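Okay, so here's the structure we're looking at.
Naming follows writing order (A, B, C and D), and every chain is counted from residue 1.
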Amino acid sequence: MVHPLVLTLSCTDRPGITARVTSFLFERGGNILEAQQFNDRAADAFFMRVEFDPGGASADSLREDFAAIAGAFGMDWKLVSRDRPRRVLIMVSKFDHCLADLLYRWRIGELAMEPVAIVSNHPREAIGHTHLGDIPFHYLPISRDGKAEQEAQVRKIAERTGAELVVLARYMQILSDEQASHFAGRCINIHHSFLPGFKGAKPYHQAYERGVKMIGASAHYVTSDLDEGPIIHQAAEPISHADTPEELVRKGREIENRVLAEAVRLHLEERVLLNGRRTVVFRS
Amino acid sequence: MVHPLVLTLSCTDRPGITARVTSFLFERGGNILEAQQFNDRAADAFFMRVEFDPGGASADSLREDFAAIAGAFGMDWKLVSRDRPRRVLIMVSKFDHCLADLLYRWRIGELAMEPVAIVSNHPREAIGHTHLGDIPFHYLPISRDGKAEQEAQVRKIAERTGAELVVLARYMQILSDEQASHFAGRCINIHHSFLPGFKGAKPYHQAYERGVKMIGASAHYVTSDLDEGPIIHQAAEPISHADTPEELVRKGREIENRVLAEAVRLHLEERVLLNGRRTVVFRS
Amino acid sequence: MVHPLVLTLSCTDRPGITARVTSFLFERGGNILEAQQFNDRAADAFFMRVEFDPGGASADSLREDFAAIAGAFGMDWKLVSRDRPRRVLIMVSKFDHCLADLLYRWRIGELAMEPVAIVSNHPREAIGHTHLGDIPFHYLPISRDGKAEQEAQVRKIAERTGAELVVLARYMQILSDEQASHFAGRCINIHHSFLPGFKGAKPYHQAYERGVKMIGASAHYVTSDLDEGPIIHQAAEPISHADTPEELVRKGREIENRVLAEAVRLHLEERVLLNGRRTVVFRS
Amino acid sequence: MVHPLVLTLSCTDRPGITARVTSFLFERGGNILEAQQFNDRAADAFFMRVEFDPGGASADSLREDFAAIAGAFGMDWKLVSRDRPRRVLIMVSKFDHCLADLLYRWRIGELAMEPVAIVSNHPREAIGHTHLGDIPFHYLPISRDGKAEQEAQVRKIAERTGAELVVLARYMQILSDEQASHFAGRCINIHHSFLPGFKGAKPYHQAYERGVKMIGASAHYVTSDLDEGPIIHQAAEPISHADTPEELVRKGREIENRVLAEAVRLHLEERVLLNGRRTVVFRS
């Protein structure tokens, strides 16, 4: 049975990287299943993702041997199992459509993840519709002056459960700079507007007031700069003058669901690489 | 042969408006071909558009008779020929894709307009690809300190030609407040971003820098508040990390073309009503 | 508290219908909240939907009084409560994404329905992920030669529960002509292709074989003519050469969910009128 | 100044192809600008496209040297200049929107082509709106029994002008099997429906009759099997019950324009590889 690996890397662009990397894999008996590269000529940077069947080679030995190449090219890199479910911590407030959607996709095997914890600043009853099954639920309210402490608890849960990814599935709290830094590159938020339009609170009401003719949603990595993190995925849909803010909220839920689920899928499959404040997204 | 009329109106909402208006048309021998209404409950406002075959009644007599109803309800209203081509003045700078597109649509009868003048701040050669035919071309450069004068010339041409609509088809100059006021409600601009994101100059470069995953275009009425006028139509398309600013410019042209053409069509067919800083758009 | 009513009607087009209908409502003290009409000039047919606050008038008295007008114009018509949840019977086989999606939307109040029964040709365990709550589940397998009997049981359940709408939420069985006739105009199916392309079985595999560059889904009323019933809603999304049939199935689920949910919403809100083998859909 | 080359290839998949190809380019002093590959696991086939700066190497010497590798792997391959404009013959009947659109894109440098001839079965006056400039126009009507002869004339013009691509830009004639074979893989047609729906004549009228809720267009390589050739690109847009066939024709023009232009661009940039009756499309 095949246990594919994924190699992702980025470095300064120069001739011969692809040849070196793919020759390495070939010499070790690897067989490429899918490969993409991006030569960012403006930034003189190179990005690559290779999915391969390692044949007889172990991930550990490949990692060990690849380190020399990576060193020579000054690469940021990662060589991991493609199919191992990543441990995911999901945070939510009162609107649980994204949570319900993610859990459904997980249950039918669409998302290769293992939900290790659900954290909310509201009690379990707030999301009573959603079937959590055995996933531990943590009610961590934020008292006045208690944000730092609550965030410490979240970090503790993340650490204890080995969470590799934190998903803010309509978690209506702003993370502190400290928390954003702690989860840098492994915390995805869904913002319910087509960024950079309508940052901050109540974007659908902002959209209604402005009279735009489309609404959207944006999934991005969380940074200390609110709604300014690297965007992974966005989508938008037409609306009309007859759409009240309530209608926009309804229409928006659907867009939020699919934008967040797609971003999470892309991240879980190691398809998203950071390129400064932007992302490189290698779709198949 | 039928010469349909279009009645558009807006007023404070109250019971009986539709009944009163449609009964009036019926009593005068009119036959409705298409009708839409919008009850804006938040603003307590009513909007209506009726396309009808007036039968034997003349537009003048209908207008005269309708005035009493309009007065009773405090309506803003208009009763005009549906098919008479509106006189349009088009302004352009160096990028003429929107101009070429509008003229093609006009030539094959898609847009019921009569282009009465093309005004540019660049000489005719700048848009040498585009077949202007007999449409008068006016080269009105803007010298330092000469903006007020140039704008006066534009107003003069508009007046002399009876221009009913001014289309800024990638006219890369900001209108003065005076000019924007002068053409209020009859000047449409295409902005090459998905407003309210990336207002101002070089929106595709802004989009590239921010790393968004979709780009768009917005057609709006010009007001003195830059890129803040009532939006008529918007569209957006996906992009990827591999799109350079130049690629965005190329992809954007197509979106700009169709968004502007659609907005112009809607305006020409009297399908756009102002509702504060927003628009009501009655598509068929 | 307001209990809005919805009047829907269709008849041969002729002058004065709108005036007559809206004058009637006005005279009875009604206040229009939303109204649409469609004059089908090719078919010489008229369609209308009016949402109104009846003021003091009862639905029964309005119906009684309106009957005379309806008779004079030869109308097909209906005057019903806008907000009363419609009783819905949902049928499903082994793929329950549409079912899960519909139930979630119902639970958060997005769909004004009351699920009265879930019927499957597979046992409850087949859709074990989905939280059915108190909704009765009926396992009605289809044995060889037992289809007529199974369908009779479905009709019985529909009758007993007063089901007003039957939703085939990826129910992978073809209804007999008799069954299709029985539920004519009140049975919605989701077909997982962009009809009329790829009718019949395994549309995603057909799409893959043909090498199309977009896939879609279609929600339609069921008729005895397979996949040929009046279409209510459709959507499509781009795919690429790299998408295997399995990827198409995954991408398709999302399209199926939103197309079916939108069609069900439109039907529940009395926004879909039949026009021969086509539909008139009055969006707000 | 850089003169990039493009290498495209396909062969049976096996380990080491990418390594071999990219090592070859590196050893010859090439620098990859953009590269994509596709491992079709179902067909056990491999596809690749590499854009590279050849450094000092000439295209001829690279071709000579690469032949050995290509032979060893049994490749179908091509190594050509990336930027040399391809010679294109465009065929049109009475609707010239696609022609006008292609020529505009060519004139502003968006399409790297050189239009060598325009052929029509209607006289020049039929497309009087469109500015052909110096491009030779050939009026080749098809008389009863004269199709074979007319097609021979087209082939002659193609040969004489060295046309590398034939674009059927709403050319409303069916090519004979012989003609389709002659131009196999280098003749692109735009069909004004979302294939495989509505093949054959008058697809917008078919769409209206069927009552679909979206219309589309498909660009494909021409084969002897009508409207069944490998699809390069498709797009679709929503329509409503109120759209007459004439409205569909209007809305469709825009979709046809962009679908055909995109397919032509992809072909000109050597981004389309044939994979049986399907295509592999390497977007950047």
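As a working rule, a contact is a pair of C-beta atoms (placed from the backbone, for glycine too) under 8 Å apart; a residue touches a chain by one contact, two chains touch by 3 or more.
Worth saying up front: this structure is predicted, and the values here are computed from it rather than measured.
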**OP:** Quick one: point me to the chain whose Cα centre is farthest from that of chain B.
**Re:** A
Original post:
Between chain B and chain C, what's the gap in Å when you average each chain's C-alpha atoms?
Top reply: 37
**OP:** Averaging only over C-alpha atoms, locate the centres of chain A and chain B and give their separation in whole Å.
**Re:** 41
Subject >> Residue numbers of chain B (touch at least two other chains) >> reply: 34, 41, 240, 242
Original post:
Line, ring, star, complete or other: which describes how these chains touch one another?
Top reply: complete
Original post:
Where on chain D is chain A touching in the complex?
Top reply: 15-16, 18-19, 22-23, 25-26, 29-37, 39, 41
**OP:** Would you tell me which residues of chain B are touching chain A in their complex?
**Re:** 38, 40-42, 194-198, 210-214, 216, 218, 230-236, 238, 240-242, 244, 275, 277-281
Subject >> chain D-facing residues of chain B, complex >> reply: 34, 97, 100, 104, 107-108, 110, 129, 131, 240, 242-243, 247, 250, 253-254, 258, 261, 283-284
